[in-house]
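Okay, so chain A shows up in both of these, paired with chain B first and chain C after.
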Partner chain A sequence: MDENSSARLKRRLLRIVYCIGLFLAMLTICLPGLWIVLSSLRPTVEIMAKPPIWIPQDISFDAYVAMFSGIGKGGIPVIEYFRNSLIISVTSTVIAVAIGMAGGYAFARYRFRGKSGVFLGLMLTRTVPGIALSLPLFFLYVRLGIIDTHFGLILAYVALNVPFTIWLIDGFFRQVPKDLAEAAQIDGCTRWQAFWQVEFPLAGPGIASAAIFAFLTCWNEFALASQLTRSVSAKTLPVGLLDYTAEFTIDWRGMCALAVVMIIPALTLTFIVQKHLVGGLTSGAVKG
Partner chain B sequence: MKGFKPSAPFLLLLPAIIVLAAVVVVPLILSLYSSFTPFRLTKPETFFVFIGLRNYVSILANADFWWAFGRTVLLLTIALNLEMLLGLGLAMLVEKATRGQRLLRTLMMFPMMFSPILVGFQFKFMFNDNIGLVNNALQSLGLTQDAIPWLIEGHLAFIAISIAEIWSSTAIFAILILAGLLAMPKEPIEAARVDGCTPWQTFRYVTWPFVMPFAYIAMTIRSLDVARAYDIVKIMTDGGPAGRTELLWTLVARTAYSDGRMGMANAMAYFSILLSIAFTVYFFNKLAAARTQIGAEW
Partner chain C sequence: MATVSLKKLTKRYGNIEIVHGIDLDIADREFIALVGPSGCGKSTTLRMIAGLEEISAGSIEIGGRVVNDLPPRSRNISMVFQSYALYPHMTVRENLGFSLKIAGAAKEEMDRRVAEASAILGLDTLLERRPSQLSGGQRQRVAMGRAIVRDPDVFLFDEPLSNLDAKLRTQMRTEIKKLHAKVQSTVIYVTHDQVEAMTLADRIVIMRDGYIEQVGTPDEVFRRPATRFVAGFIGSPPMNLHEATVDAGQLVFASGARLPLPAQFKANVAAGDKVVFGLRPDDIYPTGHGLSSGDAADVHQIELPITVTEPLGNETLVFVEFNGSDWVSRMLNPRPLRSGERVAMSLDLSQAHLFAADTGKTLRS
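Now for the complex of A and B:
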């Protein structure tokens, strides 16, 4: 065999190995999620079957119907949990983004003493593990009478989200050239007007993705919610998921269905922001 | 802007500072105080008894605590390193793809959308010894006849938890490293190749230094959130069997809410807070160093 064709063969082999590797990697990433979706559609008998039934025989949406038809039928009050999750996540996201915009703008546009120190300080408040923070918050909330309320959880989530929102929004404002706002000011805008009419629209998509990121953090948070909420009036979906395991037997199918309900909003929103998210994180952090 | 320059950023940052002070700093001071008391939820009057460092002393003498601490550090070390390696590998695989890169990137982000609690549940389901996907697959392929007790045997449970943790967080590394690879100028690589570098040398001395800051961003983001392993462990094993997968965070939760020993739990919580802060500060410094290395302009 001459050198040319052996090199070609080697190349083709490498290509095949590469494709297999890529396929396996993607399979590992997707399989667990797909398995949950599939299990939520199968009857419990099939999930529990021994030996396992690999090809689904009987696909139905029973689990979802049962779940949304109220307490008693679905086992747990999913609708209330869903409503709590939505109210808490949306409200705290709006507040966190408003605060984050002010803070991010300050970091992106002003020089002041101790800037990096303040930045690190803000980030450090985020590192406090939820469970460690929940101890004093639990105590305080009981004293203030805001345990097990929407307000209490919203307050906690705003604080949880502010540092990261500032980081992201700081990055997005840095991408907007300073000259634009200055030009607007020369043309007679006040700084306030220049911000809302020039810089804000340009950084808009980035801010939207910071908002979605904050929303997802609230939507998925468990450690704080599990301790600061007690009843149906304030429990969120992640805490509700635990209702299925609290009983002696686990209703795998119902749990899978609830998991799918939780993941769908997260999935949709993440797809929308994926591009901006990476841009915001890297520009804020690399360009310093 | 007229004469009192520092006040504008201060005013802008004020809301953030107020919220964080109210919800994070003040409660933490409170919890620091209560870590010096024998405070129990059932006995409110114990909140005002000062016992100095006795909680800390008894924690330091407690073997269970040290096991949990060591296990937490071990889990973080294994998980972060493997996530980094796998993320790098994944990013390079996707970067090489000629077609369908957008789709691949989207697929790659899939685990990021799962909340840790869902990851925990999902792997609890898959590693179930009786009906789980893993055992079913192993048995159907004829590799084993036994039901492997993934979540029931201590070491296996630790492995299962590590796998869940790695699955959920590799995506962050992969995404950010991929961003680095894509943003990287192509000329240095070509120049290295022309100068006769082997692929390994090209990677080691050209690609890697460029990508490193991005890896550290990922590390920093991850270290802001290391404690989310709590959610995974809580739902997968709840620290069991017999405390074999107890992490610092589950131990804190158990001491505080099941045993009601708040003072003791707060003292433990301070160890977990210091651990998190140490991780974050370490990676922030690494990030700064890597950034100066490649030049601030880029």
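Now for the complex of A and C:
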């Protein structure tokens, strides 16, 4: 065998090894999700079976039908939970992104006293786990009378997300060359117009990804929401999962079905925004 | 079309003064080049004229109107950036028409002016492309087109060619010169490249450390440099500059080597004066291979050893040793020379320069 064909063989073998490695990695990531979907479609007996039944024997949509059947027929107020989740997630995302844009822009473009200190301070808030704050927040919210309200949870989520959105958007504004805003000003823009016409569209992918991350954080957050909400009028979907636990039993099938209902909007949204997340728009602006 | 006038223009960042109260009057339709080494304040001056930097003191007038505190958009200027600063999310057409769109111009007007500018610069086939799909030279042209479309009073160029390769730079330089002839507006052009300044400008402003060293036509700054700095900065290869002391009608160099004091300076120096002697490479040449073919008034002959030669085809740069260091000379109609060979050199002292050693100012009256 000559050198060339052995090199070719080696390359092919390596590619096969890569593919197997990738498959294993993807399997590890995707299997829990797949298991949730499967479990939502199988009877409890099959879910709890030992040894596990890998191939589903008996598939039905009963759990989904039951979920929407209303209280008393095995249903939970899923529409209300969904509405709460949507209102709280969307509102807090919009606010967090707006603040993040203003803050990120300021950090990226302006020099001011104590800048690095403020920035560090913001980032340090990320080191405190949200759950550690749940008890103080609970007392505070009770005193203020905003416990178990949309407003209360929105406030908590904005505070949770702002440092992150500022950090992410700051990075994207830094990538937009300063020259562009200056060129726009010379072309007749006010500072404000230059921002909206030139800098904002170019930082768009960054702002979109900040929004997605903020939204998903709110949408999936459980720990704080379970402490700060009680009633159907404020509970979010993750908290709603607890409705499937009774004193002695857990309805695994129903819980998985609700989890699927939760995942679908998040997944859809990520797919829609995905192409905007791809950066590289700024290439060609300046020398390159 | 407008005059530009800078009066005691000053820029300070905190306690550090970058530009020290410079005065400059630029005539209507004049092409002015601001040139100097990096950090000399030329770009800062340009940005102050553009309104991108606040001025700390003094005033700027464009077309007789004081614009000190006006935002860039109210100054009716346009600027070509070193980085081109094209809007990457817009096509070439949108880039060119952006200023008109912001000004709220009608669609027909916009189309007409974009078409005009793209015709001048040969951008017609590129209008639907984005900046990322253009080559460096094309981006440069779009940047100039965007400036033309505004029909400004004053064009500002901030080192527009420094990102291009040498060949393209020469080509774009010619295009800029043609463009100025066509649009006939006032141009302020910042560059660190003295060749660009010499070839393009009607007048050159040489800056150093936030001061203006000299303002003059390319010919003036080349032939009659006001300071030692200008003498060394303008011209390629640079002028030979060496310190000497005046002694009985002669210049005595540090090594003890002597040259006769050039006649044109005799009245302006006294014995014991410390001076800097300057002679351009064109004015020192192997005898018989110079610009002034023997009819120069004040030619001094001397035999010197060659250290290195750099043949350039039509001419050769010959480095000869004098006063313990290398002096560069330009040899026209070159013949082959060897290192170490001693050749008869002619020094045309009628073209020599003398500067005061302490102030650096010319001693020419």
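Heads up, the rule we're going with is that the second predicted complex is superposed on the first by the 234 of 288 C-alpha atoms of A that agree within 3 Å, B and C clash if a C-alpha of one lies under 4 Å from a C-alpha of the other, contacts with A are read in each partner's own complex, and residues count from 1 in each chain.
FYI, a residue touches a chain if its C-beta (ideal position, glycine included) is under 8 Å from a C-beta of that chain, and two chains touch if they have at least 3 such contacts.
All values derive from a computational prediction rather than experimental measurement.
Taking chain A as the reference chain, the count of touched residues is higher for B when chain B and chain C are set side by side. Judged by the touch definition given at the top, the superposed model places A:V94 against neither chain B nor chain C. Shared-chain residue A:Y18: touches chain B; no touch with chain C.
Legend: residue contacts after superposition of the two complexes on their common chain; A:V232 is shown touching neither chain B nor chain C. With both structures placed on the common chain, the touch criterion links A:L202 to chain C but leaves chain B unconnected. Look at A:L86: by the touch rule set out above, it reaches neither chain B nor chain C.
Of the two partner chains placed by superposition, only chain B is touched by A:L120; chain C is not.
Counting contacts by the rule stated earlier, residues 191, 281-282, 285-288 of chain A appear in both its interface with chain B and its interface with chain C. Residues 50-52, 71-73, 77-79, 81, 83-89, 98-99, 102-103, 130-134, 136, 139, 146, 150, 163 of chain C are the ones that touch chain A when the two sit in their complex. Note for the complex: chain B touches chain A at residues 1, 5-6, 8-10, 12-13, 15-16, 19-20, 22-25, 27-28, 30-31, 34, 89-90, 93-94, 96-97, 104-118, 121-123, 125-126, 130-131, 133, 136, 139-140, 167, 171, 175-176, 179-180, 183, 213-214, 217, 220-221, 223-228, 230-231, 234-235, 249, 252-253, 256-257, 262, 265-266, 269-270, 272-273, 276-277, 279-281, 284, 287-288, 291, 296, 298. Contact residues of chain A toward chain C in the complex are 177, 179-180, 182-191, 193, 197-198, 201-202, 281-288.
Residue ranges of chain A in contact with chain B, taken from their complex: 18, 21-22, 25-26, 28-30, 32-33, 35-36, 39, 47-48, 50-52, 54, 98-100, 102-103, 105-107, 110, 112-113, 118, 120, 122-133, 135-140, 155-156, 158-159, 162-164, 166, 191, 216, 219-223, 226-227, 238, 241-242, 245, 252, 255-256, 259, 262-263, 266-267, 270-271, 274, 278-279, 281-282, 285-288.
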